[in-house]
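Both of the next two complexes hold chain A, though its partner changes from chain B to chain C.
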Partner chain A sequence: MTTPVWLPRKRRGAEFFLTVLAVFIGIAAYASVGLGVEGTIPADTYKLGGALIVVAVATHLVIRRVAPYADPVLLPLVIALNGLGLAMIYRLDLGRQQIDPERAAFANSQLVWTAVGIVAFAGILIAVRDHRRLQTLTYTFGAAAIGLLILPLLPGIGQTINGARIWVVVLGFSFQPGEAAKVCLAIFFAGYLVVKRDALALAGRRVIGIDLPRGRDLGPILACWLVSVGILVLQRDLGSSLLFFGLFVVMLYVATERPGWIVVGGLLFGAGAYFGYAAFGHVRVRFDAWLDPFADPDRNGQIINGLFGLAHGGILGQGLGQGSPQLTPYSFSDFIAASMGEELGLTGLMAIVLIYGLIVERGMRIALTCRDAFGKLLAAGLAFSFALQVFVVVGGVTRLIPLTGLTTPFMAQGGSSVVMNWAIIGLLLRISDQTRRPAPEISSFASDEETQVVKLS
Partner chain B sequence: MSELTLTLIKLGFLAVLWLFVLSAVSVIRSDIFGTKAPSTPRPAKQGKAPAAKQKTKARKPARGVATRLQVVDGPNAGQSVPLSEGPILLGRGTDAAIRLDDDYVSTRHARFATNGEQWFVEDLGSTNGTYLGSQRITTPIPIGLGIQVRLGKTIVELQK
Partner chain C sequence: MNRPIRNIAVACLALFVALLVNANFVQFVQADELNSKNGNKRVINEEFSRDRGAILVDGKPVAESVKSKD
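Entry: the complex of A and B
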């Protein structure tokens, strides 16, 4: 193996160029929505345009100041997605209000949540100067995650919306604690596995070329499985349940390098999925809608509409503002991928999926180059949770897998999701800055007498 | 707004979207297609590395390959362990390559490991820490020949 000479490069200029392009995409999408729907550029384009520019300049300056060696492409990719999402939500507001003027508009609140997300992003970069500090808070984050997961179940503040008990309403604000729990869990898993991985890597029996773990080491994975099944049973949230369990299994695999864990995780997942299918009506409905949506068009209207939308979009799409994605229920959140597919076509949807792919690739690259085990695991876990989430949502909408309720990161309407995803990007950039920064200068030991151990003799 | 203009806007927007994706890819192309390995990696590395950042290398231009890990100071001074492929554990424990008889050293104190080219020293969560000069190390740090690493009262270095 040859180690290439590592010259630390900041690449902030490249980041700036990409950010300009990303902001342009957001503004162009917004303007072309106006042109498509009403024939004029919307009068408040300056509002969204200005907001995007402020977002871009603010985040860029924060990074230049506190994380100068951070990865140069993550931020522009995220800004592009966020801008596209805002434009699409605005477009769906217009479309849905044409059907019924009483319907709520989400674009403005989404803009406010994006701003909150940026503040969280900057806050994390400024407050967490070294991601290894988080390792000392491993169990604090673990407890916080459990608390956040229990929160929606508490009477009074917990609320059931659309059959899933994943919402908390406090003082008129509603949010999903599960999104924050995801980040806390990733930190907890990373801190926990760094310490325990040697024990968990011990192999038991070898079956067809794969080392299966010892029976007595199955405790943590079973505990995590039980929590995931608990989410499925008590909160009726298929997506989060899958996300948390998948996150743990993959981080376990990354930490121990034993494919046996994937096998164990896969078996447990299969058992859980079968149990869910057998015991719960809502899981069975999702399965049936996936296998044959047209068997019951009334009940599966949403997924059928989404599929029609994608077909209507074709290769090049109908053009922003010229399709009819608003006909699909929850076209602005769960089905925003289908809305994008209808208006931007396969070409546009592929570009969006590629942008997600690049974000995940950057996350994995950060994990690869990171020098400490905790940062490695954390970056890999965050990147994987991102990948799994996009796969589950886009796969569900396109009927590759059964539909589950997860949010499309940065695009779907929903405050908690946007804020926590910005926080994830903040963490990734912090790890990346630590990783790419040149190593501190090593001075020879002989010269500094003052650090000698005191000799009593 | 005519049909044609809208179609042009649509196509233009898709083009910009892909332009963005491709420029992002071009910024990180070295990740995807790999860096071009220098044809003679060794001279290039030695020529550049001391000038770039490794001040100590410039001060002590030790050339060649390290063959042993030598204890130069402390209770076990004079002992050494030959270097091989595998990692070397230092500490007071029985599984250490050199059992250091030093009260300030932890049972499993530090580990020396190589990636085939470069040796690294890594602290294993010791009580009193592993130092390079005045710097307590928290991550694996590459070390060269003759750079002294301190564990408790013991000082070790790589030698030819």
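Entry: the complex of A and C
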């Protein structure tokens, strides 16, 4: 096999062109929401359009300055998703206020959160000049993850919303620390597994064909995982426990190259799912709603409404502002994929799923081409958790799998999700900049001769 | 570590293909069945908002569609 020659190319021009397209998608979506709902282009289109353009130009310039070799496709994909999400949240604000003028509007706060997310994105690219620096903070991130997960359980700041105690309310702002904990855990797993991968893969004894690692190698990571999943079960946030578990198993598999971990993980997941079904009433409700939603139309109103919306959208959709996605409860957050499917149709929903797929596979490509093990593991972990999250939430809404509460990255209303997903993209771009950057030239030894003290010949 | 990463990448591809196939199933194959279900508010609203035209007697309308508040 010949080794392909890698020519470092920045491709910032391509990124700029794609970003212009992505910004256009966002602005056009916003304008067509106004045309669909009120018959006129919204008067503040310039506001959202201006904000999107400022955001796009600012992020592009930051990347040119601090990560010139970063992957050129990720930023435009993310801007397109974020712009579409903003337009849809604005559209649902209008639709929901037609039903009841008292209902809260989310578009403006979502715009503010997007700005915060972009500041986080730029901050990561500027502050973290080399992702390997994060490896020195492995245990700090592990502790931070557990701390973040405990926050909602503390009295005073923790709050239970819709049966899940996963919110923290400080100074009137509410956020879900679980989103940040996911990123911290990915960094912790990556840093820990890089050091211990050989010990995990090779030391230990073999039981019925499976190599079991030594307890002291697996101990800390298993403890961290148990604590995080235990907390999530206490908080009734099963979507996130599934996500963390998947992240854990896959990173273990990537680090040790042992497919046995996937088998063990699958068995554990099956046992956990059965236990959840037997022990928790709400898991049973979700599962039964997935098998046959129409058996109890009153209880399963949300998923049924989502399906009706999707079917009503059909192949080409009702058009932005012309369907009735506001009939579905939580159409702006959990069910935003169904709202997209109703108004943009099968075509639009498939385009959105493809955008997510491209983000994930670009992330996997970064993991493949990365030269250091820590970056590989971190990129693979982040990309996989992103894929799993999209699969669980979009699959849940379209009744491919039982519904679990997770946010749709970049589109669903919710500050912490938008901010942390921008942070994930910042980390991926940082790793890819390191990966695609040409290796520093090593000066030839010829010039060293002049400094020779001892003459050899 | 490249082999597991490649496998995971293919697995992710399979997840997304499953999402795409399922979207086609719901929005194309099942669409007619879902649209004809009882209690589908979207279809009912669509029927109500259809303009039926006036009933004319000698060219004068005796019954017209009037916009309702619902």
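To be clear about the criterion, the second predicted complex is superposed on the first by the 416 of 457 C-alpha atoms of A that agree within 3 Å, B and C clash if a C-alpha of one lies under 4 Å from a C-alpha of the other, contacts with A are read in each partner's own complex, and residues count from 1 in each chain.
Heads up, the rule we're going with is that a contact is a pair of C-beta atoms (placed from the backbone, for glycine too) under 8 Å apart; a residue touches a chain by one contact, two chains touch by 3 or more.
Just so you know, these numbers come straight off a predicted model, no measurement behind them.
Judged by the touch definition given at the top, the superposed model places A:360 against chain C, while chain B stays out of reach. Shared-chain residue A:345: touches chain B and chain C both. Looking at the shared chain after the overlay, A:157 reaches neither chain B nor chain C. Looking at the shared chain after the overlay, A:126 reaches neither chain B nor chain C.
In the superposition on chain A, A:372 contacts chain B only, with no contact to chain C.
Comparing the two interfaces of chain A, the one with chain B and the one with chain C have residues 345, 354, 361, 365 in common. Listed in rising order, the residues of chain A touching chain B in the complex are 1-5, 7, 11, 14, 17-18, 21-22, 24-25, 28-29, 32, 35-36, 39, 72-73, 76-77, 80, 132, 316-320, 322, 344-345, 347-348, 351, 354-355, 358, 361-362, 365, 371-372, 438-448, 450-451, 453, 455. Against chain A, the residues of chain B that register as touching in their complex are 1, 6-7, 9-11, 13-14, 16-21, 23-25, 27-28, 31-32, 35, 37-38, 41, 44-45, 48-49, 52-56, 59-60, 104, 115-118, 131-135, 138-143, 147-150, 152-153, 155.
Note for the complex: chain C touches chain A at residues 1-6, 8-9, 12-13, 15-16, 18-20, 22-24, 26-28, 30-35, 37, 39-43, 45.
Note for the complex: chain A touches chain C at residues 250, 253-255, 257, 259, 294, 297, 305, 307-315, 323-324, 327, 341, 345-346, 349-350, 353-354, 356-357, 360-361, 364-365, 367-368, 373, 376-377, 380, 383-384, 387-388, 390-391, 394-395, 398-400.
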